[in-house]
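The two complexes that follow have subunit A in common; it is paired with subunit B in the first and with subunit C in the second.
And now, the complex of A and B:
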């Protein structure tokens, strides 16, 4: 959140930093380097399409999906999905949020993004009889563990 | 409030910013910036427009956020700009955009005195309360604070302790030019970015301290300087003004103590401190 005005003082101070790079690793490769799931670009396109939903898109006074929630969903998918992670479904919610969900064999995992700092998670493992709910704010450590369980199935 | 914190008579402060980020106000339009300016105009008679700041969130348990270089923008309407309302002498300003409210103090002129945190904090709180009242009166939506930050920018000038960028080890306690038995080429300069975790009483992360050290030259004299920027950022415990101010007070303590800890005793002497 660069709240400093320093970037606007460039004429007073000459920077030493250089952005020139001889690395042959393209930006896109850095982004998807080790583990991206094959479905990622399709799901990202679905999420971005939510942004064109108009007010009342569900006929029940739903509000448009907020851009920051779509962005958060994309960040989470990039961070927590591996090549072996099954494809999730994504759905808009009527309060401007986004839900990412997996219903795989015995595991149900739902991640509802109300805002970038209000994320509800519901996890259920029917085989082991485990059911958990989490209200996450900024600490998202648990997500990596939950999403990895999907890959192990 | 400042008790027990290291205090310098001549701190190298160049800028201080207190900032809060909130849920974007969907109904906030360019015209509202003009209406809002009326409330501050007597004290901040100058106005500037700038590009929007991207939202920033401190999250934990995410490994790759900083490597996702995508930008998502709605193009169905022109973006409402970020406005600066600036004091006549340029030393203080308010920055406003649809999800951000910031107060900056900037050093203007060699003789300018730092008014101290308490004075800037009081101004920020007063101006923010005014902003909240404007948002309520114009029915622009709930003001839900989700991140806040405090930033200190220090301009470290060459003096009897150091005179060229290669001598960063004389400025910082965490930087060494000792390469042991191996030989390194001569250091020219260094650009450092360090992140520290801020933890709550329960040991869980609540924010981060970002420290950037950047070499520059003065455009007029060519003199080398280092800019050292310390930013404490995180989510307030509660999304109201009290929660926000509580985090800023805590962040200020972290920034001030860390600055003293990261810089050398020799440099402290030139800034005439620290006194408790």
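And now, the complex of A and C:
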């Protein structure tokens, strides 16, 4: 992506998302923490760039990423990551969603945002052999616990 | 769920390799494994509900095609391979589905839970890996 395209996406994102005071998350899911993770601005830029993806961006008929899902991903990262949280990978999904994922410290954690109120989480502790899947709809506090496991040590 | 109308084609051998394109945005670095690999989101059904598209390697070879041919027109994409035996071990099935522009086309049908997608992603072997990344 060219820098001008990215700038356009960012300005489009900022104009369309009205204000950061308008949360995409259900009220019961909102936290008040404000992350100080050093990688946040880079990851936010990556997420915003997803908004430039055209239909069929994966060559398998994927639909464009929806702005509300980008907003939700950014909100989740601000809410649940700490200064010690490692940098996640972020990828678009073919149904217009966004996935945030960590694969480190013997933990696999994938958070797939289908919509602001439909978030699937897959957690695996590779050392303990524990795998869990969660379908989150309004209470997202389990994410705080799962992400904190990555931030330890 | 995509695939209920399909029946696993037993004429497709367990040893068959299935190729799937991976766009650059769906490649992540797995620190646990120490490698780049496709994300789980690369192994999904189509948005219209039809099952996951693949190309049968042996069918492509019968047509005197190489793996590169699957990436024509898809600059920057990579190609991965998954064995049919592994696909079947995940309770998925495979059926031929030749298309006018892709005679070796096939479909992988069945319920692709997140766990199944992750297993597919971790088992995928690079056939062509377009490398334009450095580890984070």
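By definition in this document, the second predicted complex is superposed on the first by the 117 of 153 C-alpha atoms of A that agree within 3 Å, B and C clash if a C-alpha of one lies under 4 Å from a C-alpha of the other, contacts with A are read in each partner's own complex, and residues count from 1 in each chain.
Definition applied: a residue touches a chain if its C-beta (ideal position, glycine included) is under 8 Å from a C-beta of that chain, and two chains touch if they have at least 3 such contacts.
Every value quoted in this text rests on a predicted model; they were computed, and no experiment measured them.
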Which superposed partner A:62 touches (first subunit B, second subunit C, both, neither): second
Touching partner for A:126 - first (subunit B), second (subunit C), both, neither: second
Of subunit B and subunit C, the chain that contacts the larger number of subunit A residues: B
Residues of subunit A contacting subunit B in one complex and subunit C in the other: none
Contact footprint of subunit A on subunit C as seen in their complex: 21, 23, 25-26, 28-33, 39-42, 44, 46-48, 53, 74, 77, 113-115, 118, 136
For the subunit A and subunit B complex, residues of the former touching the latter: 1-6, 8, 11-17, 27, 30-31, 48, 51, 66-68, 70-71, 74-76, 78-79, 115-117, 137-144
Contact set on subunit A toward subunit C in their complex: 50, 53, 57-63, 87, 89, 91-95, 99, 101, 103-108, 110, 112, 120, 122, 124, 126, 131, 133
Subunit A-facing residues of subunit B, complex: 14-15, 17-19, 21, 23-24, 50, 53-65, 67-70, 72-74, 84, 93, 95, 100, 102, 104, 106, 144, 146-147, 149, 151, 153, 165, 189, 191, 204-206, 214-220, 225, 227, 229, 233-235
